[in-house]
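Working notes, beginning with the structure itself.
Labels A, B, C and D are assigned to the chains in the order they are written; within every chain, residues are numbered from 1.
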Amino acid sequence: MKKIVNNPEYVVRDMLEGLIAAHPDSLKQIPETTVVASKDAPLQNKVGIVSGGGSGHEPAHAGYIGDGMLDAAVCGEMFTSPTPDQVFEGIKAADGGAGVFLVIKNYTGDVMNFDMAAELAEAEGIEVEKIVVNDDVAVEDSSFTTGRRGIAGTIFVHKIAGAKAAAGGSLQEVKNIAEKVTANVRSMGVALTPCTVPAAGKPSFVLEDDEMEIGIGIHGEPGIERKRVTSADEIAEELTNKVLEDIEFNTGDDVALIVNGMGATPEMELYILNKKVNEILLERGLNIHKTFVGNYMTSLEMSGCSVTLLKLDEEMKPLLDAESSAPAFRI
Amino acid sequence: MKKIVNNPEYVVRDMLEGLIAAHPDSLKQIPETTVVASKDAPLQNKVGIVSGGGSGHEPAHAGYIGDGMLDAAVCGEMFTSPTPDQVFEGIKAADGGAGVFLVIKNYTGDVMNFDMAAELAEAEGIEVEKIVVNDDVAVEDSSFTTGRRGIAGTIFVHKIAGAKAAAGGSLQEVKNIAEKVTANVRSMGVALTPCTVPAAGKPSFVLEDDEMEIGIGIHGEPGIERKRVTSADEIAEELTNKVLEDIEFNTGDDVALIVNGMGATPEMELYILNKKVNEILLERGLNIHKTFVGNYMTSLEMSGCSVTLLKLDEEMKPLLDAESSAPAFRI
Amino acid sequence: MELTAHDIITWMKKTNEKIQSNKEHLTSLDQAVGDGDHGINMARGFKEVVVKLEDTSYESVSDALKDTAMTLMSKVGGAAGPLYGTAFLKLSTSLKGKSADYTHFLNGLEESLAGLKQRGKSQEGEKTLIDVWSPVIEKMKESDDFDASLLKHTAGDSMEKTKDIKATKGRASYLGDRSIGHLDPGSVSSFYVFEALAETIEGGR
Amino acid sequence: MELTAHDIITWMKKTNEKIQSNKEHLTSLDQAVGDGDHGINMARGFKEVVVKLEDTSYESVSDALKDTAMTLMSKVGGAAGPLYGTAFLKLSTSLKGKSADYTHFLNGLEESLAGLKQRGKSQEGEKTLIDVWSPVIEKMKESDDFDASLLKHTAGDSMEKTKDIKATKGRASYLGDRSIGHLDPGSVSSFYVFEALAETIEGGR
C-alpha cells in the first residue's frame, strides 16, 4: 500500500483540514464535527440540502457544496457511513427554517444513520425529508437484497434537488423532484483494479492481471461478472446497454450522461469510453442534453469507471442547467 | 497493462472524439488535425493563446480552453510533442489578427516543433510570440542539461496570459506577463508508481513496493532521489521546501498554490498533503491567495503529486482571479 | 446472580480486548463479503466505550449501558454503529430503575433483539448479527440463571452457522449465493460480545 | 556510383523494416533514458514515409527526400521528428537539381549535420544522434565513393560509443551521470538509417 497519508486513523480529519484550507472563502467545517458546510449556510428560508456518506469517494460529497447544490456534507470514516450525531450536526448547519432535505445512498448503514439523525432533528423541531438513491443496475432489485446501491447517479440528485431549493422550492417540492430524478437515473460501473482502505492496508478484493469486474460497487462490492478486460468500446457497450435496458427510453428523449472515473483511471480513458457511449446513445435516437466526464464518485485509487444516464423532462432540464458554484460541479 | 482503450495506436484520436462529444457547445476540433479550439475561436482582435504538448497529461491541455484562458490546444501523440504542421493549425485556429501567443513547456521536442510552427506562421504573416515554461526545480538549471522542465506551473501561465489577452492586452503585453509568471513560478513532484504508455505496454520505470521518486518528471523522467515512501507531512515538507528555496519569498508575500495530482492519486491524499503545505507556507509568513487541489497536469495513471507555488504581485493577482470558463479551471 | 455496573464495565473491557485483538480478522471477514471496515469500526467504537466507562462512575447498570450505547452510536458508524447502539440502548432502557438480575437482563436482551430487527428491518436467517443474538436469547430462556458455558457455546455455534446462510440483508446480500461459505462479520463481533459476557459472569462467580 | 530516386525509396523501405522490427528495442532504450516513445514515434513516421513514397512517382532524388522529410516532420513528433525532418530536408535541398553522386550526396549530408546541430542547438559529444551522423560523415570524407562496409561499421561503432557519453542534451540529460552506460535511442535509429543506406548501396552494386 503506497499512499500519501500520515496516520491512517486520521485520514478523514487530515483531509478535512486540507479541504477547508483550500476553500477558505466558500467552505467551513462545523467545529468538532466531520461536517463541511457552505460558508454562508444556513440560508434563511431556503430548504437546506445535506448529503454525505463514507469518505473515500472524493469529490463526493464535500465537493458538491455550493450555491445551487449542497449546503452541507457529512463525512464518515473511510467507506463508513457517518454516525447519527454527525448527520444531525449537518442538518442543523443547513437548517434555515424551511426544512432540510437529506440525500442518502442506499446502503444499510447510510439509511440507518441518516434515519436516526432525522429522528433527532424532528425531535428538535426541524422538518426533514429524504431520498434514498438507488441507481446501480448491477444489483438485482429484489427482496433478496438490500436493493440497489446508490452510486454516481447521486450527483444528479444533488444537482437538481439543489437547484430546486435554490429556486425557492419548498421541502415537498424538493422531495418531489428528487424522487423524479431517482426514478429516472441509472448507472453501472466496472473496476479494473481494487482499492485499499488506508487502515486496512490491503486491497478489498483481488483481480487478476487481465481481469475486470463488471458491476462493481463504489466500496468494492461485487458486481455481476468477472471477466477478461475487453476494449473500451466493448466496455462502453456492456455498461451502456445494461443501463438502457433498465428503463424505457424512447427516440427523441433527452438524457444527461456521466462518464465517471473511479479514481485512478486517466481522463484520457474516460473520454475514449465517452466516444463509444455517445455513439450508442445517438444510435438509439436519444438526445444527449449534457455530458459530464471526470471523477465524480470515486473509490479511492480504484481504476475503472461508471456510466450514468438520467432521462430528463422539461422540469428537470432547466434545473440541471441552472448555475452551480460547487467546485466539483461548476455550471 | 490494464486500460480502457481500443487500439493503442488511436488513443489520441479516440480521446479527441470523446472530448468533443462531451463539450459540443464550447469546443471544436479543427478537421483532420489534433487541434482542439474554442467553439468561437478565433476572436477578432484578441491575442490568441495556444498551448499543447504530448497527450497523456489530461486535463492538460484541452481542458484549459475557454474564455479567459486558451483559444486552442494542440494534442500530440502520447507523451510526444505535436508536429509543426499541427501546431501551425493551432496557431491559425487562434489567430484573430492580434497575433498568437504560444505557451511551450521546456522539452527539446516541444521547443523545436513549436519553433518550426512559429516560423511557418510568420511566413504567412501571423505575428507569433512565445514563452518556454521551466518551473521544475528538480532539474539543475545548468548548461549540462536542457534546462528545467515545464510541469504544473504551466497552468498559471495559461491562466494569467489568457486573462491578459481576454482583457485586451497586446501580444507584447501578454508576453511580458507570461514572462513574469514564468519567472515567479516553481514546482516539484513525486511519483509513487509509474505509468504505462498504451502503445509501449510496459511501465516507463520501476519503483519497488516501498519506494517513491522525488523530483519526477511528468513523462516519468528521473528525479533527484529514490527513497522509501514517507508520510504525507514529510513529502509535503520535501517538495515545498525545495520550491521555497528556489526563489526569494518574503514575509507577507502573496502566493498561489497548486497541489497537483499525477493521475491515480485520490483527491483525499491531495487534501492531506495540502494540509501540511498550508501549514508550512503560513509558518513562513506567506499569504496564500488561492489554492488549487486536483488533477491539473497528469501523467496517465501515475500516482504521486506535485506542489507549485507562484509568487504573486498586484498585476498578476487580478488576472489569476479573473473569470475563466475552461472546464478544468473554472473561476 | 445479578450484574452490577462494575460488571458492565468488565464486560465492555473484555469485549474491547477481543475486538482489538481480532480487528484484522473482522476486517478480513468484511473484505470477503462487505467493504472491509467492520474490524476498524468496531475497534474504534469499543476503544472509546472503555475510555468513557473508565472516566465515569456509575450507580446503575442502565447508566453504564446507556453510555456504552451512545458511544457506539457516535463512534462506530456504518451498519454496525446504529445496530449495536440500538441493542445496548434498548437493554439500558429496559433495565432503567431495575436490578440486572437474570430475568430483567433477559427481558432487556429481548428488547435489544426487537430493536435490532426494527432498526435493520431484518429477521433471523438473513446472515446478520441477529443470527447470533436471537438463538442466544432463545437458549437463555431455557435457563433461569446466567450460564457462561451455555452462552459461549450457543454464541459460538450460531456464529459458525452463519457460514451456511445466504445473505439477504446488508452488503453481503449483493453476493447472493456467493455469500454462502463465509462467516458474517457482525455475527463474529457479536460472538465476542457474548463470549465476553460469559467470561464476566465466570469471573463474577 | 550515383543514387537514383528509386534508391532513395529502397533506402527508406529498408530503414522502415529495421525500425519496425526494432520498435520495441528503441522504445526500451528510450524508457531507460527518456520517455519511452522513440520506437513508437519512428515506427509511425517511417511507415508513413513508405506509404508516401510508394504512392508517388519521383523524377529526382531531391523530391523523394523532400517527401521523406515532410512526412517525418508531420508524423514523428517529439524531438526526433524535427531532427530527422530537418536532416532529410537539408539533404533534399542540397541535392536539388543535382545528381546524387558521392560528392553531392556527401555535401548534402554535411548540410544535414549542420541542420541537426542548429535545430537541436547541440554538437558532438552530447549523446544524441549527432554522435552517429558526425563521425559517419567524417569517415565518408576519407573515401571517394560509397563504401557500404565503412558506413555500417562507422555507424555501428559510433552508436556503441554513445554508451560512454554523459548526456547533456535531450531528455537523457536529466539523468546526468546516470545516463552513462545506456545507448542513445536516437543514435540507434540513426544507425538503422545508415545501415539501410549501406544495404541499398550493396544491393545497387
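Methods note: a contact is a pair of C-beta atoms (placed from the backbone, for glycine too) under 8 Å apart; a residue touches a chain by one contact, two chains touch by 3 or more.
Computed from a predicted structure; not experimentally measured.
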Label of the chain whose CA centroid is most distant from the centroid of chain A: D
Centroid distance [mean C-alpha coordinates] between chain D and chain C, Å: 76
Whole-Å separation of chain centres (CA-atom averages), chain A against chain B: 29
Whole-Å separation of chain centres (CA-atom averages), chain B against chain C: 54
Category of the chain touch graph - line, ring, star, complete, other: line
Touching chain combinations (by label order): A-B, A-C, B-D
Chain B contact footprint on chain A (complex, rising order): 2-6, 11, 14-19, 21-23, 55-56, 58-59, 63, 192-193, 209-210, 212, 229, 231-233, 235, 259, 263-276, 278, 288, 291-293, 295, 298, 300-301, 303, 305, 330
Complex contact set, residues of chain B against chain D: 9, 54, 76-86, 107-109, 112-113, 116, 139-140, 143-146, 149, 197, 199-200, 202, 204-205, 217, 219-222
Touching residues on chain D, where the partner in the complex is chain B: 27, 31, 34-37, 40-41, 44, 73-83, 119-120, 168-171, 173-176, 178
